[in-house]
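There are structures below to look over.
Each of the next two complexes has chain A plus one more chain, namely chain B in the first and chain C in the second.
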Partner chain A sequence: MTLLETIEVGSGGVAAVEFTDIPQDGLHLYILLSARSGLAQENNGMSVEINGSSANSNAARLLGYNTTVTGNVGGLGNNISQIAANSSNAGLFSSTVIVFSNYASSREKRYSSESAIPNSTISTYRPLTYIYNGVWEQTTAITTIKFASGTFMEHTTASIYIIS
Partner chain B sequence: MATPTYDLLESVTLTTAASSVTFSSIDGGYGDLVIVADWGFGGQGNLDIRLNSDTSNHSFVTMANTTSGRASAVGADGNYIPVSYHAFANPGTYPSAIINFLDYSATDKHKSVLVRSGNRASGIEAISGTYASTSAVTTIRLFSSPNIIIGSTFNLYGIAKESA
Partner chain C sequence: MSETPVKIVVDLSKPKGQRESIIELTQAEIEEREVMAAKAEAQRLFDEQAKADADATRQSGLDKLIALGLTEAEALALVGA
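Our next item is the complex of A and B:
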(Lines of atoms letter the chains of each structure in order from A and count residues from 1; the text may use other names and numbers.)
(Lines give C-alpha, C1' and ligand atoms only; values in the text may rest on other atoms or scores of the structure.)
Protein backbone atom coordinates (compact mmCIF):
# COMPACT_ATOMS: atom_id res chain seq x y z
CA MET A 1 0.00 0.00 0.00
CA THR A 2 1.67 3.20 -1.18
CA LEU A 3 0.64 6.77 -0.49
CA LEU A 4 0.44 8.68 -3.77
CA GLU A 5 -0.77 12.05 -2.61
CA THR A 6 -2.40 13.95 0.22
CA ILE A 7 -4.41 17.09 -0.47
CA GLU A 8 -4.92 19.55 2.38
CA VAL A 9 -7.44 22.28 1.73
CA GLY A 10 -6.28 25.70 2.79
CA SER A 11 -7.94 28.93 3.71
CA GLY A 12 -10.97 29.83 1.60
CA GLY A 13 -11.68 26.24 0.59
CA VAL A 14 -11.70 24.69 -2.86
CA ALA A 15 -14.44 23.79 -5.31
CA ALA A 16 -13.16 20.26 -5.86
CA VAL A 17 -10.60 17.73 -4.68
CA GLU A 18 -8.93 16.05 -7.62
CA PHE A 19 -6.33 13.34 -8.10
CA THR A 20 -4.75 13.35 -11.54
CA ASP A 21 -2.15 11.31 -13.42
CA ILE A 22 -2.86 8.27 -11.27
CA PRO A 23 -0.15 5.66 -11.94
CA GLN A 24 -1.34 2.49 -13.62
CA ASP A 25 0.83 -0.03 -11.80
CA GLY A 26 -1.54 -0.91 -8.95
CA LEU A 27 -4.58 -3.14 -8.48
CA HIS A 28 -6.84 -0.97 -6.34
CA LEU A 29 -7.13 2.62 -5.17
CA TYR A 30 -7.87 3.44 -1.54
CA ILE A 31 -8.95 6.98 -0.67
CA LEU A 32 -9.36 8.43 2.81
CA LEU A 33 -11.30 11.67 3.06
CA SER A 34 -11.79 13.85 6.11
CA ALA A 35 -14.12 16.51 4.80
CA ARG A 36 -16.53 19.29 5.46
CA SER A 37 -18.52 21.02 2.75
CA GLY A 38 -19.91 24.52 2.49
CA LEU A 39 -23.34 23.12 1.74
CA ALA A 40 -26.22 23.70 4.12
CA GLN A 41 -27.28 20.07 4.46
CA GLU A 42 -25.59 16.68 4.28
CA ASN A 43 -28.15 15.23 1.90
CA ASN A 44 -26.82 17.40 -0.91
CA GLY A 45 -24.14 14.75 -1.14
CA MET A 46 -20.71 14.46 -2.74
CA SER A 47 -20.25 13.71 -6.42
CA VAL A 48 -17.44 11.95 -8.26
CA GLU A 49 -16.13 12.47 -11.76
CA ILE A 50 -14.00 9.68 -13.20
CA ASN A 51 -11.68 10.62 -16.05
CA GLY A 52 -13.60 13.88 -16.31
CA SER A 53 -16.93 12.15 -16.76
CA SER A 54 -19.95 12.36 -14.49
CA ALA A 55 -21.84 9.77 -16.52
CA ASN A 56 -21.98 5.97 -16.75
CA SER A 57 -22.22 5.30 -13.00
CA ASN A 58 -24.80 2.98 -11.48
CA ALA A 59 -25.00 2.27 -7.77
CA ALA A 60 -26.90 1.27 -4.67
CA ARG A 61 -26.67 2.72 -1.19
CA LEU A 62 -27.92 2.19 2.32
CA LEU A 63 -27.84 4.97 4.87
CA GLY A 64 -29.07 5.76 8.31
CA TYR A 65 -29.41 9.27 9.68
CA ASN A 66 -31.03 10.57 12.82
CA THR A 67 -33.82 7.99 13.25
CA THR A 68 -34.28 7.19 9.55
CA VAL A 69 -33.01 4.21 7.56
CA THR A 70 -33.32 4.46 3.81
CA GLY A 71 -31.60 3.61 0.57
CA ASN A 72 -31.64 3.56 -3.20
CA VAL A 73 -30.94 1.11 -5.97
CA GLY A 74 -30.10 3.14 -9.05
CA GLY A 75 -31.02 6.74 -9.68
CA LEU A 76 -28.00 8.14 -7.84
CA GLY A 77 -26.22 9.69 -10.81
CA ASN A 78 -22.62 10.28 -9.78
CA ASN A 79 -23.42 10.90 -6.11
CA ILE A 80 -20.98 8.73 -4.18
CA SER A 81 -21.40 9.77 -0.55
CA GLN A 82 -22.58 12.33 1.96
CA ILE A 83 -20.20 14.43 4.01
CA ALA A 84 -20.44 16.88 6.89
CA ALA A 85 -22.21 20.11 5.96
CA ASN A 86 -21.39 23.59 7.12
CA SER A 87 -24.25 23.51 9.60
CA SER A 88 -22.38 20.82 11.57
CA ASN A 89 -20.72 21.59 14.88
CA ALA A 90 -17.64 23.75 14.55
CA GLY A 91 -14.56 21.71 13.80
CA LEU A 92 -16.51 18.61 12.82
CA PHE A 93 -15.46 16.69 9.71
CA SER A 94 -16.93 13.50 8.26
CA SER A 95 -14.84 10.41 7.55
CA THR A 96 -15.07 8.57 4.24
CA VAL A 97 -13.26 5.55 2.81
CA ILE A 98 -13.53 4.92 -0.93
CA VAL A 99 -12.12 1.93 -2.81
CA PHE A 100 -11.84 1.63 -6.59
CA SER A 101 -11.01 -1.99 -7.39
CA ASN A 102 -9.09 -3.08 -10.50
CA TYR A 103 -8.96 0.58 -11.52
CA ALA A 104 -6.38 0.08 -14.28
CA SER A 105 -8.08 -2.92 -15.86
CA SER A 106 -9.98 -3.05 -19.12
CA ARG A 107 -13.16 -4.07 -17.30
CA GLU A 108 -16.01 -2.00 -15.91
CA LYS A 109 -14.80 -0.43 -12.65
CA ARG A 110 -16.41 -1.25 -9.33
CA TYR A 111 -16.12 1.14 -6.41
CA SER A 112 -17.51 1.46 -2.94
CA SER A 113 -17.62 4.00 -0.15
CA GLU A 114 -18.39 4.19 3.55
CA SER A 115 -19.01 7.41 5.44
CA ALA A 116 -19.78 8.52 8.95
CA ILE A 117 -20.90 11.91 10.23
CA PRO A 118 -20.94 11.93 13.99
CA ASN A 119 -22.41 15.04 15.49
CA SER A 120 -23.44 16.36 18.87
CA THR A 121 -26.04 18.61 17.27
CA ILE A 122 -28.67 16.32 15.82
CA SER A 123 -30.38 17.50 12.65
CA THR A 124 -32.61 15.96 10.05
CA TYR A 125 -29.64 14.43 8.24
CA ARG A 126 -27.15 13.66 11.00
CA PRO A 127 -25.60 11.81 12.66
CA LEU A 128 -25.23 9.63 9.59
CA THR A 129 -23.73 6.36 8.48
CA TYR A 130 -23.59 5.53 4.79
CA ILE A 131 -22.51 2.61 2.60
CA TYR A 132 -22.40 2.61 -1.19
CA ASN A 133 -21.55 0.15 -3.95
CA GLY A 134 -21.27 1.24 -7.56
CA VAL A 135 -19.92 0.54 -11.00
CA TRP A 136 -18.53 2.92 -13.59
CA GLU A 137 -19.55 1.20 -16.79
CA GLN A 138 -16.50 2.12 -18.80
CA THR A 139 -13.54 -0.08 -19.69
CA THR A 140 -10.91 2.70 -19.81
CA ALA A 141 -8.35 2.76 -17.04
CA ILE A 142 -8.99 5.34 -14.34
CA THR A 143 -6.44 8.14 -14.45
CA THR A 144 -8.33 11.00 -12.77
CA ILE A 145 -10.78 11.13 -9.87
CA LYS A 146 -12.48 14.35 -8.81
CA PHE A 147 -14.83 14.91 -5.88
CA ALA A 148 -17.15 17.89 -5.45
CA SER A 149 -19.60 18.96 -2.78
CA GLY A 150 -20.15 22.68 -2.98
CA THR A 151 -16.96 24.06 -1.46
CA PHE A 152 -14.62 21.80 0.48
CA MET A 153 -13.84 23.78 3.61
CA GLU A 154 -10.42 24.54 5.03
CA HIS A 155 -8.77 21.59 6.84
CA THR A 156 -10.42 19.04 4.58
CA THR A 157 -7.85 16.34 3.77
CA ALA A 158 -7.86 13.64 1.12
CA SER A 159 -5.25 10.91 0.69
CA ILE A 160 -4.99 8.39 -2.13
CA TYR A 161 -3.13 5.09 -1.83
CA ILE A 162 -2.33 2.41 -4.34
CA ILE A 163 -2.79 -1.20 -3.30
CA SER A 164 -0.66 -3.46 -5.46
CA MET B 1 4.91 8.09 9.89
CA ALA B 2 4.18 4.37 9.82
CA THR B 3 3.75 2.83 6.41
CA PRO B 4 0.55 0.80 6.06
CA THR B 5 1.23 -2.82 5.18
CA TYR B 6 -1.14 -4.39 2.71
CA ASP B 7 0.61 -7.44 1.27
CA LEU B 8 -0.89 -9.28 -1.67
CA LEU B 9 -0.89 -12.97 -0.68
CA GLU B 10 -2.69 -14.40 -3.69
CA SER B 11 -4.53 -13.13 -6.74
CA VAL B 12 -7.00 -15.21 -8.71
CA THR B 13 -8.49 -14.27 -12.08
CA LEU B 14 -10.74 -16.97 -13.43
CA THR B 15 -9.85 -18.17 -16.91
CA THR B 16 -12.66 -20.71 -16.88
CA ALA B 17 -16.01 -20.53 -15.14
CA ALA B 18 -15.94 -22.18 -11.71
CA SER B 19 -18.26 -22.86 -8.82
CA SER B 20 -15.67 -21.82 -6.24
CA VAL B 21 -12.38 -20.09 -5.53
CA THR B 22 -10.22 -21.36 -2.66
CA PHE B 23 -7.34 -19.70 -0.83
CA SER B 24 -5.50 -22.40 1.09
CA SER B 25 -2.41 -22.68 3.27
CA ILE B 26 -2.86 -19.03 4.23
CA ASP B 27 0.17 -17.50 5.92
CA GLY B 28 -0.68 -17.01 9.59
CA GLY B 29 1.81 -14.24 10.09
CA TYR B 30 -0.54 -11.30 9.59
CA GLY B 31 -3.06 -9.60 11.83
CA ASP B 32 -6.06 -9.43 9.50
CA LEU B 33 -6.97 -10.56 6.00
CA VAL B 34 -8.83 -8.65 3.31
CA ILE B 35 -10.39 -9.98 0.13
CA VAL B 36 -11.22 -7.57 -2.68
CA ALA B 37 -13.57 -9.31 -5.10
CA ASP B 38 -15.12 -8.33 -8.44
CA TRP B 39 -17.08 -11.13 -10.01
CA GLY B 40 -20.01 -12.10 -12.16
CA PHE B 41 -22.44 -15.00 -12.40
CA GLY B 42 -23.80 -17.04 -15.27
CA GLY B 43 -27.26 -16.73 -13.70
CA GLN B 44 -28.92 -15.35 -10.61
CA GLY B 45 -26.99 -16.19 -7.48
CA ASN B 46 -25.26 -15.33 -4.27
CA LEU B 47 -21.65 -15.79 -3.22
CA ASP B 48 -20.84 -17.48 0.10
CA ILE B 49 -17.79 -18.07 2.31
CA ARG B 50 -16.72 -21.23 4.11
CA LEU B 51 -13.72 -21.27 6.44
CA ASN B 52 -11.41 -24.20 7.05
CA SER B 53 -13.79 -26.50 5.12
CA ASP B 54 -15.91 -26.54 8.28
CA THR B 55 -19.56 -27.41 7.63
CA SER B 56 -20.79 -25.79 10.85
CA ASN B 57 -19.89 -22.92 13.20
CA HIS B 58 -20.68 -20.12 10.72
CA SER B 59 -23.20 -17.46 11.76
CA PHE B 60 -24.18 -14.10 10.36
CA VAL B 61 -26.44 -11.08 10.54
CA THR B 62 -27.09 -8.94 7.49
CA MET B 63 -28.71 -5.63 6.63
CA ALA B 64 -29.49 -4.67 3.07
CA ASN B 65 -31.19 -2.22 0.82
CA THR B 66 -32.63 -3.87 -2.26
CA THR B 67 -35.20 -3.18 -4.92
CA SER B 68 -37.65 -4.84 -2.52
CA GLY B 69 -36.81 -2.42 0.28
CA ARG B 70 -34.75 -2.69 3.46
CA ALA B 71 -34.15 -6.15 4.84
CA SER B 72 -32.23 -8.02 7.50
CA ALA B 73 -31.67 -11.66 8.35
CA VAL B 74 -29.86 -13.89 10.80
CA GLY B 75 -28.27 -17.28 10.19
CA ALA B 76 -26.84 -19.42 12.98
CA ASP B 77 -24.46 -22.35 13.17
CA GLY B 78 -24.50 -22.98 9.46
CA ASN B 79 -21.93 -23.92 6.86
CA TYR B 80 -21.45 -20.49 5.34
CA ILE B 81 -21.27 -16.73 5.79
CA PRO B 82 -22.85 -14.94 2.85
CA VAL B 83 -21.08 -12.33 0.76
CA SER B 84 -24.51 -11.42 -0.51
CA TYR B 85 -27.81 -12.63 0.91
CA HIS B 86 -30.61 -10.28 -0.08
CA ALA B 87 -28.71 -8.40 -2.80
CA PHE B 88 -28.36 -11.34 -5.17
CA ALA B 89 -26.65 -10.77 -8.50
CA ASN B 90 -27.78 -11.44 -12.03
CA PRO B 91 -25.57 -11.53 -15.13
CA GLY B 92 -24.28 -8.09 -16.09
CA THR B 93 -24.88 -6.45 -12.72
CA TYR B 94 -21.20 -6.11 -11.69
CA PRO B 95 -21.20 -7.35 -8.10
CA SER B 96 -18.23 -6.55 -5.89
CA ALA B 97 -17.24 -6.93 -2.26
CA ILE B 98 -14.62 -6.09 0.34
CA ILE B 99 -14.32 -8.71 3.06
CA ASN B 100 -12.33 -8.33 6.29
CA PHE B 101 -11.24 -11.28 8.42
CA LEU B 102 -10.19 -9.97 11.85
CA ASP B 103 -7.60 -11.80 13.94
CA TYR B 104 -7.93 -14.75 11.56
CA SER B 105 -4.93 -16.61 12.98
CA ALA B 106 -5.78 -16.17 16.67
CA THR B 107 -6.24 -19.41 18.58
CA ASP B 108 -7.86 -17.84 21.63
CA LYS B 109 -11.00 -16.37 20.10
CA HIS B 110 -13.77 -16.86 17.58
CA LYS B 111 -13.29 -15.07 14.26
CA SER B 112 -15.16 -12.03 12.97
CA VAL B 113 -15.88 -11.46 9.29
CA LEU B 114 -17.13 -8.13 7.92
CA VAL B 115 -18.58 -7.91 4.41
CA ARG B 116 -19.66 -4.94 2.32
CA SER B 117 -21.08 -5.99 -1.02
CA GLY B 118 -23.48 -4.96 -3.70
CA ASN B 119 -24.33 -4.62 -7.34
CA ARG B 120 -25.96 -2.00 -9.48
CA ALA B 121 -29.26 -3.81 -10.01
CA SER B 122 -30.47 -5.44 -6.81
CA GLY B 123 -28.84 -3.52 -4.00
CA ILE B 124 -26.23 -3.21 -1.30
CA GLU B 125 -25.51 -5.24 1.80
CA ALA B 126 -23.46 -5.17 5.00
CA ILE B 127 -22.90 -8.49 6.75
CA SER B 128 -21.27 -9.35 10.03
CA GLY B 129 -20.22 -12.98 10.33
CA THR B 130 -18.78 -15.14 13.08
CA TYR B 131 -16.78 -18.30 12.75
CA ALA B 132 -17.21 -19.96 16.14
CA SER B 133 -13.87 -21.71 16.26
CA THR B 134 -10.56 -21.05 17.96
CA SER B 135 -8.70 -22.70 15.09
CA ALA B 136 -6.63 -20.36 12.95
CA VAL B 137 -8.19 -19.74 9.54
CA THR B 138 -5.98 -21.41 6.97
CA THR B 139 -8.50 -21.94 4.16
CA ILE B 140 -11.11 -19.59 2.71
CA ARG B 141 -13.48 -20.93 0.09
CA LEU B 142 -15.79 -18.63 -1.86
CA PHE B 143 -18.50 -20.57 -3.63
CA SER B 144 -21.75 -20.15 -5.48
CA SER B 145 -24.34 -21.66 -7.69
CA PRO B 146 -24.48 -20.77 -10.58
CA ASN B 147 -20.87 -20.64 -11.67
CA ILE B 148 -18.62 -17.62 -11.24
CA ILE B 149 -17.74 -16.34 -14.70
CA ILE B 150 -14.46 -15.92 -16.56
CA GLY B 151 -12.62 -12.70 -15.70
CA SER B 152 -13.81 -12.59 -12.09
CA THR B 153 -11.02 -11.47 -9.76
CA PHE B 154 -10.32 -12.28 -6.12
CA ASN B 155 -7.34 -10.68 -4.35
CA LEU B 156 -6.29 -11.83 -0.88
CA TYR B 157 -4.25 -9.42 1.25
CA GLY B 158 -2.56 -9.76 4.62
CA ILE B 159 -2.45 -6.72 6.89
CA ALA B 160 0.30 -6.53 9.49
CA LYS B 161 -0.71 -5.27 12.91
CA GLU B 162 2.74 -4.74 14.28
CA SER B 163 5.30 -2.36 12.91
CA ALA B 164 8.39 -3.85 11.38
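Our next item is the complex of A and C:
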Protein backbone atom coordinates (compact mmCIF):
# COMPACT_ATOMS: atom_id res chain seq x y z
CA MET A 1 0.00 0.00 0.00
CA THR A 2 1.48 3.35 -1.03
CA LEU A 3 0.51 6.71 0.39
CA LEU A 4 -0.02 9.15 -2.46
CA GLU A 5 -0.91 12.25 -0.46
CA THR A 6 -2.36 13.62 2.76
CA ILE A 7 -4.06 17.00 2.99
CA GLU A 8 -5.38 18.98 5.92
CA VAL A 9 -8.10 21.60 5.62
CA GLY A 10 -7.00 24.99 6.81
CA SER A 11 -8.71 27.89 8.52
CA GLY A 12 -12.16 28.69 7.19
CA GLY A 13 -12.85 25.23 5.81
CA VAL A 14 -13.50 24.15 2.24
CA ALA A 15 -16.55 22.99 0.31
CA ALA A 16 -14.84 19.98 -1.24
CA VAL A 17 -11.66 17.94 -1.42
CA GLU A 18 -10.69 16.73 -4.88
CA PHE A 19 -7.92 14.35 -5.96
CA THR A 20 -7.07 14.60 -9.65
CA ASP A 21 -4.75 12.72 -12.02
CA ILE A 22 -4.84 9.63 -9.82
CA PRO A 23 -2.04 7.27 -10.91
CA GLN A 24 -3.36 4.26 -12.80
CA ASP A 25 -0.81 1.71 -11.63
CA GLY A 26 -2.69 0.51 -8.54
CA LEU A 27 -5.35 -2.14 -7.99
CA HIS A 28 -7.52 -0.47 -5.35
CA LEU A 29 -7.83 3.04 -3.94
CA TYR A 30 -7.89 3.38 -0.17
CA ILE A 31 -8.97 6.70 1.32
CA LEU A 32 -8.94 7.71 4.98
CA LEU A 33 -10.85 10.73 6.19
CA SER A 34 -10.93 12.39 9.57
CA ALA A 35 -13.74 14.83 8.96
CA ARG A 36 -16.26 17.20 10.43
CA SER A 37 -18.92 19.05 8.47
CA GLY A 38 -19.82 22.63 9.34
CA LEU A 39 -23.54 21.91 9.16
CA ALA A 40 -25.45 22.41 12.43
CA GLN A 41 -26.45 18.74 12.77
CA GLU A 42 -25.07 15.73 14.58
CA ASN A 43 -23.88 14.25 11.29
CA ASN A 44 -24.14 15.03 7.62
CA GLY A 45 -24.11 13.10 4.36
CA MET A 46 -20.97 13.11 2.25
CA SER A 47 -21.20 12.94 -1.53
CA VAL A 48 -18.72 11.74 -4.09
CA GLU A 49 -18.14 12.80 -7.67
CA ILE A 50 -16.12 10.49 -9.84
CA ASN A 51 -14.40 11.82 -12.96
CA GLY A 52 -16.37 15.03 -12.57
CA SER A 53 -19.80 13.43 -12.46
CA SER A 54 -22.27 12.87 -9.64
CA ALA A 55 -24.25 10.40 -11.76
CA ASN A 56 -24.13 6.61 -12.11
CA SER A 57 -23.49 5.86 -8.43
CA ASN A 58 -25.71 3.93 -6.08
CA ALA A 59 -25.36 1.98 -2.88
CA ALA A 60 -26.88 -0.05 -0.11
CA ARG A 61 -26.32 1.05 3.41
CA LEU A 62 -26.45 -0.20 6.98
CA LEU A 63 -26.92 2.16 9.89
CA GLY A 64 -26.14 0.92 13.37
CA TYR A 65 -26.75 2.68 16.66
CA ASN A 66 -27.33 1.72 20.27
CA THR A 67 -28.62 -1.89 19.88
CA THR A 68 -30.36 -1.38 16.54
CA VAL A 69 -29.35 -2.00 12.93
CA THR A 70 -31.39 -0.62 10.08
CA GLY A 71 -30.62 0.45 6.53
CA ASN A 72 -31.79 1.03 3.01
CA VAL A 73 -31.03 -0.11 -0.52
CA GLY A 74 -30.98 2.21 -3.50
CA GLY A 75 -32.03 5.81 -3.68
CA LEU A 76 -28.73 6.98 -2.22
CA GLY A 77 -27.35 8.43 -5.44
CA ASN A 78 -23.80 9.60 -4.89
CA ASN A 79 -24.12 9.72 -1.09
CA ILE A 80 -21.08 7.68 -0.03
CA SER A 81 -20.96 8.13 3.74
CA GLN A 82 -21.94 10.16 6.76
CA ILE A 83 -19.51 12.27 8.74
CA ALA A 84 -19.58 14.15 12.04
CA ALA A 85 -21.13 17.59 11.88
CA ASN A 86 -21.08 20.76 13.86
CA SER A 87 -23.76 19.98 16.45
CA SER A 88 -21.51 17.24 17.77
CA ASN A 89 -19.27 18.02 20.75
CA ALA A 90 -16.52 20.48 19.88
CA GLY A 91 -13.37 18.92 18.51
CA LEU A 92 -14.93 15.58 17.54
CA PHE A 93 -14.27 14.24 14.05
CA SER A 94 -15.60 11.09 12.40
CA SER A 95 -13.24 8.46 10.98
CA THR A 96 -14.13 7.15 7.54
CA VAL A 97 -12.51 4.47 5.39
CA ILE A 98 -13.41 4.29 1.70
CA VAL A 99 -12.17 1.69 -0.78
CA PHE A 100 -12.66 1.78 -4.54
CA SER A 101 -11.93 -1.69 -5.89
CA ASN A 102 -10.22 -2.16 -9.25
CA TYR A 103 -10.42 1.57 -9.88
CA ALA A 104 -8.34 1.52 -13.05
CA SER A 105 -10.08 -1.46 -14.63
CA SER A 106 -12.52 -1.47 -17.54
CA ARG A 107 -15.31 -2.88 -15.38
CA GLU A 108 -17.91 -1.16 -13.22
CA LYS A 109 -16.32 -0.02 -9.98
CA ARG A 110 -17.42 -1.28 -6.59
CA TYR A 111 -16.82 0.79 -3.50
CA SER A 112 -17.36 0.48 0.21
CA SER A 113 -17.17 2.84 3.11
CA GLU A 114 -17.37 2.60 6.86
CA SER A 115 -17.78 5.63 9.05
CA ALA A 116 -17.73 5.89 12.83
CA ILE A 117 -19.53 8.96 14.08
CA PRO A 118 -17.91 10.17 17.31
CA ASN A 119 -19.57 9.41 20.60
CA SER A 120 -21.11 12.83 21.09
CA THR A 121 -22.76 13.28 24.47
CA ILE A 122 -25.36 15.38 22.67
CA SER A 123 -26.59 12.47 20.58
CA THR A 124 -29.08 9.86 21.75
CA TYR A 125 -27.62 7.50 19.12
CA ARG A 126 -24.38 6.09 20.48
CA PRO A 127 -22.38 4.51 19.02
CA LEU A 128 -23.39 5.46 15.48
CA THR A 129 -21.87 3.66 12.53
CA TYR A 130 -22.62 3.72 8.81
CA ILE A 131 -21.54 1.06 6.33
CA TYR A 132 -22.04 1.53 2.59
CA ASN A 133 -21.46 -0.80 -0.32
CA GLY A 134 -21.99 0.72 -3.74
CA VAL A 135 -21.22 0.70 -7.40
CA TRP A 136 -20.17 3.33 -9.90
CA GLU A 137 -21.79 2.03 -13.05
CA GLN A 138 -19.12 3.13 -15.49
CA THR A 139 -16.30 1.19 -17.14
CA THR A 140 -13.82 4.04 -17.53
CA ALA A 141 -10.91 4.19 -15.11
CA ILE A 142 -11.27 6.47 -12.12
CA THR A 143 -8.91 9.42 -12.49
CA THR A 144 -10.59 12.06 -10.30
CA ILE A 145 -12.50 11.81 -7.02
CA LYS A 146 -14.17 14.69 -5.21
CA PHE A 147 -15.77 14.56 -1.77
CA ALA A 148 -18.17 17.18 -0.42
CA SER A 149 -20.26 17.59 2.73
CA GLY A 150 -21.46 21.16 3.04
CA THR A 151 -18.23 22.55 4.44
CA PHE A 152 -15.31 20.45 5.63
CA MET A 153 -14.15 22.18 8.77
CA GLU A 154 -10.58 23.13 9.64
CA HIS A 155 -8.37 20.14 10.63
CA THR A 156 -10.32 17.73 8.46
CA THR A 157 -7.73 15.45 6.88
CA ALA A 158 -7.83 13.16 3.86
CA SER A 159 -5.24 10.59 2.84
CA ILE A 160 -5.26 8.63 -0.41
CA TYR A 161 -3.36 5.37 -0.93
CA ILE A 162 -3.09 2.87 -3.74
CA ILE A 163 -3.06 -0.84 -3.07
CA SER A 164 -1.08 -2.74 -5.69
CA MET B 1 -14.72 30.62 4.13
CA SER B 2 -14.72 33.32 1.47
CA GLU B 3 -17.94 34.45 -0.15
CA THR B 4 -17.53 32.00 -3.01
CA PRO B 5 -17.01 28.50 -1.61
CA VAL B 6 -13.63 26.96 -2.33
CA LYS B 7 -12.26 23.46 -2.70
CA ILE B 8 -8.87 21.84 -2.22
CA VAL B 9 -7.63 20.29 -5.44
CA VAL B 10 -4.76 17.82 -5.16
CA ASP B 11 -3.12 17.17 -8.54
CA LEU B 12 -1.36 13.85 -8.07
CA SER B 13 0.56 14.20 -11.34
CA LYS B 14 2.67 16.97 -9.82
CA PRO B 15 5.66 16.58 -7.48
CA LYS B 16 4.95 16.55 -3.74
CA GLY B 17 4.78 20.04 -2.34
CA GLN B 18 3.31 21.43 -5.57
CA ARG B 19 0.09 19.46 -5.72
CA GLU B 20 -2.34 21.37 -3.53
CA SER B 21 -4.31 24.40 -4.65
CA ILE B 22 -7.37 26.23 -3.35
CA ILE B 23 -9.86 26.97 -6.11
CA GLU B 24 -13.24 28.68 -6.06
CA LEU B 25 -16.18 26.48 -7.02
CA THR B 26 -17.68 27.02 -10.45
CA GLN B 27 -21.32 28.05 -10.71
CA ALA B 28 -22.18 24.49 -11.75
CA GLU B 29 -20.41 23.14 -8.66
CA ILE B 30 -22.25 25.60 -6.42
CA GLU B 31 -25.57 24.48 -7.89
CA GLU B 32 -24.57 20.84 -7.49
CA ARG B 33 -23.64 21.59 -3.87
CA GLU B 34 -27.13 22.93 -3.23
CA VAL B 35 -28.68 19.80 -4.75
CA MET B 36 -26.46 17.64 -2.55
CA ALA B 37 -27.44 19.61 0.53
CA ALA B 38 -31.11 19.00 -0.22
CA LYS B 39 -30.45 15.28 -0.72
CA ALA B 40 -28.47 15.10 2.51
CA GLU B 41 -31.33 16.73 4.39
CA ALA B 42 -33.82 14.28 2.88
CA GLN B 43 -31.54 11.42 3.89
CA ARG B 44 -31.23 12.80 7.42
CA LEU B 45 -35.01 12.94 7.74
CA PHE B 46 -35.25 9.39 6.39
CA ASP B 47 -32.68 8.24 8.96
CA GLU B 48 -34.48 9.94 11.81
CA GLN B 49 -37.74 8.25 10.81
CA ALA B 50 -36.01 4.88 10.45
CA LYS B 51 -34.52 5.28 13.91
CA ALA B 52 -37.88 6.24 15.39
CA ASP B 53 -39.60 3.30 13.69
CA ALA B 54 -36.93 0.85 14.85
CA ASP B 55 -37.08 2.17 18.41
CA ALA B 56 -40.88 1.94 18.44
CA THR B 57 -40.78 -1.64 17.17
CA ARG B 58 -38.22 -2.57 19.80
CA GLN B 59 -40.24 -1.00 22.59
CA SER B 60 -43.42 -2.71 21.36
CA GLY B 61 -41.62 -6.06 21.47
CA LEU B 62 -40.35 -5.36 24.95
CA ASP B 63 -43.81 -4.42 26.17
CA LYS B 64 -45.29 -7.64 24.79
CA LEU B 65 -42.60 -9.79 26.41
CA ILE B 66 -43.24 -8.10 29.74
CA ALA B 67 -46.98 -8.61 29.28
CA LEU B 68 -46.26 -12.33 28.84
CA GLY B 69 -44.73 -12.36 32.31
CA LEU B 70 -41.02 -11.72 31.72
CA THR B 71 -39.31 -9.23 33.96
CA GLU B 72 -37.89 -6.15 32.24
CA ALA B 73 -34.37 -7.51 32.81
CA GLU B 74 -35.34 -10.82 31.15
CA ALA B 75 -36.94 -9.04 28.21
CA LEU B 76 -33.90 -6.78 27.79
CA ALA B 77 -31.65 -9.83 27.88
CA LEU B 78 -33.58 -11.23 24.92
CA VAL B 79 -33.64 -8.11 22.74
CA GLY B 80 -30.40 -6.53 23.90
CA ALA B 81 -30.01 -3.80 26.48
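Here is the rule we go by: the second predicted complex is superposed on the first by the 150 of 164 C-alpha atoms of A that agree within 3 Å, B and C clash if a C-alpha of one lies under 4 Å from a C-alpha of the other, contacts with A are read in each partner's own complex, and residues count from 1 in each chain.
Heads up, the rule we're going with is that contacts are C-beta pairs under 8 Å (C-beta built on N, C-alpha and C of every residue); 3 or more make two chains touch, one makes a residue touch a chain.
Because the structure is predicted, anything quoted here is derived from the model rather than measured.
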Next item on the list: Based on the superposed arrangement around chain A, label chain B with chain C as either clash or fit.
Entry: fit
Next item on the list: Pick one for A:18: touches chain B only (first), chain C only (second), both, or neither.
Entry: second
Check: chain A residues in contact: does chain B have more, or chain C?
Finding: C
Next item on the list: Could you tell me if A:146 is touching chain B, chain C, both of them or neither one (first, second, both, neither)?
Entry: second
Notebook entry, point to check: Which of the two partners, first being chain B and second being chain C, lies in contact with A:5: first, second, both, or neither?
Noted result: second
Notebook entry, point to check: Which partner does A:125 reach: the first (chain B), the second (chain C), both, or neither?
Noted result: second
Check: Just chain B (first), just chain C (second), both, or neither: which does A:110 touch?
Finding: first
Item checked: First, second, both or neither for A:41, with chain B first and chain C second -> second
Next item on the list: Name the contact category of A:72: first (chain B only), second (chain C only), both, or neither.
Entry: both
Check: How far apart, in whole Å, are the nearest Cα atoms of chain B and chain C in the superposition?
Finding: 10
Notebook entry, point to check: Intersection of chain A residues contacting chain B with those contacting chain C?
Noted result: 70, 72
Next item on the list: In the complex, go through chain C and note every residue touching chain A.
Entry: 1-2, 5-14, 16, 19-20, 22, 25, 29, 32-33, 36-37, 39-40, 43-44, 46-47, 50-51, 53-55, 58, 79-81
Notebook entry, point to check: Which part of chain A faces chain B closely enough to touch in the complex?
Noted result: 1, 27-28, 58-62, 69-74, 99, 101-102, 107-108, 110, 112, 114, 131-135, 137, 161, 163-164
Note to self: Show me the residue ranges of chain B that touch chain A in the complex, using the header's touch definition.
What the structure shows: 3-6, 8, 11, 36, 38, 63-67, 70, 87, 94, 96, 98, 116-126, 151, 153, 155, 157
Next item on the list: Please name which positions on chain A make contact with chain C in the complex.
Entry: 4-5, 7, 9, 12-23, 39, 41, 43-45, 47, 49, 54, 63, 65, 67-68, 70, 72, 76-79, 125, 146, 148-151, 160
